[in-house]
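Take this structure first; my questions come after.
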Amino acid sequence: MKKILALLLAGLMVFALAACGTPAEPAETEETETTEATEATETAASGDTIVIGVYEPLSGDNGAGGKQETLGMQYANSITPTVDINGTTYNVKLEVADNESSNDKAVSAASTLIAKGPSVILGSYGSGVSIAASDTFGAAGIPAIGVTCTNPQVTDGNSHYFRICFLDPFQGTVLANFAKDELGASTVYCLGQLGNDYDQGLINYFKQAAEGLGMTVITDSFPEGNSDFNSYLSNAKNQGAEVIFAPTSISYAQMIVDQAAAQGITMPLLAGDTWDSNVVLAATQGKDVTVYVTTFYAEGGDVDFENGFKDWINGDSTNLANNGGDDMIAAVSVMGYDAYYVALEALKAAGSADPADVLAALPGVTYTGVSGEIAFNDIGDAIRDTAFVKQANTSDNVWDFVKVQSVAE
Amino acid sequence: MGKKLTARKAPEQKIGSLVAILCIIALYIFLFCLDNVLPASNGNVQMLITVLKKGAIYALVCVSMNLLNGFTGLFSLGQAGFMLIGAYAYAIFAIPADQHSAVYQYFDGGAIQFSIPEVLGNVLGKNGGAFLGALICIIIAGCVAAIFAALIGIPVLRLKSDYLAIATLGFAEIIRAVFQWNGLGKITNGSNLLRKYTNFNDIQIQVGGTIFKLGTIFPFFIATLSILIIVLLVTSSYGRAFKSIRDDEVAAEAMGVNLFKHKMLSFVISSFFAGVGGALLAMFQTTVQAAPFRSSMTYEILLMVVIGGIGSITGSVIASFLYISASEWWLRFLDSGGVTLFHTHFNIPFFRDGFRKVVFSVVIMVIVLFFSRGIMGDKELSFAGMIRRLRGKKAVPAAEGEEDAQ
Amino acid sequence: MSAWISANLPYLLAGISVGGQYALIAIGYTMVYGILRLINFAHGDVFMVAGLIMVYATASLPIYISVILVVVATVLLGVVIEKVAYKPLRSAPRMSVMISAIGVSYLLQNCALYFTGGLPQVYPNIPFLSKVVQVGPATTKMVTIVTPILTLVLVFALVALIKYTKVGMAMRAVSRDFETSELMGIKINNVISMTFVIGCFLAAVGSLLYFTNYNSVIPTSGAMPGLKAFVAAVFGGIGSVPGAVIGAFIIGICENIIKGLGWTVFSDAFTFVLLIVILLVKPTGIFGEKATDKV
Amino acid sequence: MSEKRHVLQVENATMQFGGVVAVNNLTMEVNEGEIVALIGPNGAGKTTAFNVITGVYQPTNGRVSFYEKPMVCNHPRGKMEKLYKGQNPKMYVHEHTLAPTPDHITKLGIARTFQNIRLWKSMTVFENVIIAKHMRAKHNIFSSTFRVSRKEEIRMREETEALLREQGLWRVKDDLATSLPYGLQRRLEIARALATDPKLLLLDEPAAGMNPQETLELASFIHDIRDKYKLTILLIEHHMDLVMNISDRIYVLDFGSLIAHGIPSEIQANQHVIDAYLGVVEDE
């Protein structure tokens, strides 16, 4: 025993000595690392390549949505892999960094992107991570275009963050109007994830709007990692709700739909843009549930785009897997697609690949994308006044278009 | 006789301390250059800065956990909870008054309507206010965490080993739920982010007309100071008493060590520094939300502690820098679909999202299985020890050795 | 009265069903702890992997074969984990083994992340279990009713196994005194493997029930149920099988009552408050044996 | 110091674990400067008696006084009220319940060693001893951490050095405690106990595992430390030669009860004692 111990200790010492060189002077080793990496950046920048950073969650709670959004950008990149700036053609390279849907990983992911020397950054799905990375982008002077982050705080109080989607106050109002006008609800049960700013924020705006319309709103939240929603659904039923509003992330959505069906809940389920996903749709198949979502895009808006995108998805197994196994077009993919072109427009308008020029040019950029007209207001938000409402078709595995909803404000 | 004892510091030890101090100075000069001399537009400098900052913060948190788990033998899994308290306490007192309405957008601007850095800023100027204000907020963060620890400790520290672990883990989860509760929204902002508070980028000094950024030095400064205090504590009489509790509680008690008092001290001090670490993490992240402070964060810290070696402060420090660099930087290429070597891009089929994490967890398993005592065991890395070893003298147990700073 | 029942029956049903699922996982924790004094943090993730295996197996195999495959593969996984990650550390400090467990948990989660790409996987419907049935005024899935019954049957079988069979006796001996049992000629490694076989078998069954009820599998699916089940095990006195089962049911039911009362924010927190209170009154759980430190 | 004071008085001490009575109505006293032995067959309750005296266990009933001041006192309560099998259940009902923790008792001046050596494994000989000085040092956590009470630390180091030199352990001061040979480990445990500045020293089988030569040395060693540190000593021992050689008085326990006490020659002749030991005079 002693011998083994001694041997182990000796081994440890050797290891420790070997380790001394590295960590006692973290500065030195990491410096060499830097020079190596610098070379890599230089090769990227010195050629005729422009880097667009993609800052998206590829894992964690929002992994599914982030992947679909990224797919839209990758598809756009596959169609238009180059950009002409002042007569020179540059290749456009997408660099993706995974923010893991988590605020504490956001800064590192953002730094990783910055290390690749991007001209502009796209993303993220999920507002929290966007806000968390905002200062890092800002400090590096790189403009960012939010794709589907709907929280007002993303663009509020800074000059480098833009976005092409509508905002939560708008979406909340749209949803409240829809619940009142179309579903005729007077009592709404809101269910969101505790600690998730997207859920709670949207519920908050919904509540404001709904109470303004004279509806009764009951709010409830479930802890992270919860999977049993039976009690929540019973709460909704017992409290006389006529509509359940549950703007949760996709994985919870799936369980809520399934359990609502099992419990025989017939009242409509209403949700925001997160639920517009084939994963949620798949969960509704063959079940007696009514699911409405508001979203950025309704299928059938641009047939050419859709066919092209579907062909592209089906042509690659990885893409197909990332899209959730089928060729459904998620609205976030469309937004990702549009975001890419907005970025290209900005590059063209800037006349250079320098982030500072892009930042200066971005406020004036306008673009007519698949999802509609895109232009920015003073804050950097897209000027949008419409949202699409869709309903899950429980037998055909498609979303049925219900109506275009807008608010007069 | 006493004079002989104290004066008899081995020459290696003197040289060792000198080398350590020189290294710290060199490190600080390097950090200063990183912030101010090297081009900020260079992405890799950014990345290095990010990793160094986060590494320093985690080093502090790991050392604080090591104090509890490694030196006092209290198996506690509440570290993330105390970090959360620290992060919130820091952020709440450091949000500028005019930002309250934006940050607490759903809670009418919140209950606390002042910001310590700002109040101080009125007296000391913007930079001085930010520096001193951040410092005071960090201390407040530590104190709030320590107060919570004292309250929790009274009932919980009576529990033994695994029961203590699960009780502290549970406590951390309770704290998380409480901080996310809308009922406290006016203070904690419920489920929403706290942001806009003083962060590392605000820490700078103005000499003449030039502004020098201290954003990277600051976390190192706090972490070095905190770790130094912990080292002093561990090598003091109280530190020895902690170790005696770890080795044998019954014997410690029989030799007059008041178990409850010492466990409580260790718990409170560890939580204080966890709170400080949480505050630094809040500064680093620029936003705070309760959600990421879940039990997996505690596990991650525990992993670093064990990889470094339970009961080794230098081990914890080394392990946290390695861990953070590897997980957030060095291994990222594994996610990107291939490697670029010598200007050629190789596509490797397994390389896609998530592969980094798989490789990383395999590496962790290998370390855990083949170096079950961690990188350093319970020894310390010391320059004095190295010099001794170089001279071929018999190594003396490292407890007396000098710390190398980071 | 009937209105009250119809309003509250769903909570109770959900509570009992959740309790049964926690119980099946908790047994794995409690048995491993009883024998190795190890908090097997990877157990919740084994449970999650069992769910994923089912998802992938049904893609190409008929459902009943898949079920068998899930059980066999999960048991195998458990045994392999024990042989690779825990056995080499048998003489190492306890903390190392636990870290190894955390490492395995990471590995399983990250592998799941890699293979699923982070997308939630829809769990297949198992014909009988997924059927929607009417219980008095409440509607629910068949699995809700099957879970507690199956749990109790399995637990009684397990208790009988521990009490009356040779291997059960060996298990009890090993949990009493590791070294002495070894000296008495008990093959420790077989006993430990057996513990993992039983624990993982129950986790596999638990996963079939759980994911039929909540039909989405994500890499972190196992984390929360795992933690809750562990709390249940501690609650009942870790090391005691009946304790774990009773603890699991208490936690499952209390959790749902709390949700019904409208304190949904604190439903998880409450579980831990309950745990801490119990530990303060009985530091080793309800059925736990008092640890005696011979001086 | 003409008349000797009682250093330790144990009165009617009963220790019951569930239904098992480990120590039953033990009454004994130790006078200043005495060496008193507590003997009895294996499982007689000797170590339990030590644990009651040093506060590891709270007695179910009875009182322990140190220098004629009550230190530990209890009577059967709660569940024990019904379960109690010992004597005098009502005797201490009206007295204050006293249940100091072991460290408190050590601070009063009672130090002990353990039957199965309990040194701090990861620490050096020097550290093992200096920790015992911790409780009496005039410092707090801040002064100690920030080296404000450096003088106190120096004093502790000096005293530890002196003690180690006296005990012949100085040359191994930097060795790990557990790397010492068995005899030295026992010696170190005694040194550690002495470092707490005790008035009463409890030795739990100090000669266990020693050969006759070492045992002989131990006898004179115990005498020496008694005189040198002005100690009173209570010891548990199985080596009858040693016990008879050094004890002023002897108490004999069997099945938790006191069966005899007196000076060594009386004990040697006592029929009860011989019966109790019958053939098991020496263990190991």
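Per-chain residue numbering starts at 1, and chain names A, B, C and D are given in the order in which the chains are listed.
Just so we're on the same page, contacts are C-beta pairs under 8 Å (C-beta built on N, C-alpha and C of every residue); 3 or more make two chains touch, one makes a residue touch a chain.
Computed from a predicted structure; not experimentally measured.
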Centroid-based (C-alpha) most distant chain relative to chain D | A
Which interface, named by its two chains, has the most contact pairs?
-> A-B
Central chain, going by Cα centroids?
-> B
For chain B and chain D, let me know how many angstrom lie between their CA-based centres, rounded off.
-> 44
Indicate the whole-number Å distance between the mean C-alpha point of chain A and the mean C-alpha point of chain B.
-> 31
Interchain centroid distance [CA atoms averaged], chain A/chain D, Å = 70
Each of the following residues of chain D touches two or more other chains, namely 56, 114
Multi-chain contacts in chain A, i.e. residues touching at least two other chains, fall at 58-59, 67, 194, 221, 223-224
Per-residue overlap in chain B, given as positions that touch at least 2 other chains | 176-177, 180-182, 250, 352-354, 357, 373
Provide the residue numbers of chain D that touch chain B in the complex, in ascending order.
-> 54, 56, 101-104, 106-107, 111-112, 114, 118-124, 127, 130-137, 139, 141, 144-147, 152-158, 161, 174, 176, 192-193, 195-196
Spell out the residues on chain B that touch chain C in their complex, using ranges where they run on.
-> 69, 75, 155-156, 158-160, 162-163, 165-167, 169-171, 173-174, 176-178, 180-183, 249-250, 295-296, 299, 302-303, 306, 310, 352-355, 357-358, 360-362, 364-365, 368-369, 372-373
Residue ranges of chain A in contact with chain C within the complex | 58-60, 63-64, 67, 194, 220-235, 237-238, 250-251, 254-255, 258-259, 261-264, 279, 282-283, 321-322, 324-325
What part of chain C is in contact with chain B in the complex they form?
-> 33, 37, 39, 41, 84-85, 88-89, 92-93, 95-96, 99-100, 102-107, 109-111, 113-114, 117-118, 223, 227, 230-231, 234, 238, 265-266, 268-269, 271-273, 275-276, 279-280, 283-285, 291, 293, 295
Which of the residues in chain A come into contact with chain B in the complex?
-> 8-9, 12, 15-17, 19-20, 22-27, 30-31, 33-34, 37-38, 40-41, 43, 58-59, 67, 95-98, 102-108, 111-112, 114-117, 128, 131-132, 134-136, 139-141, 152-153, 156-157, 192-197, 199-201, 204, 221, 223-224, 318
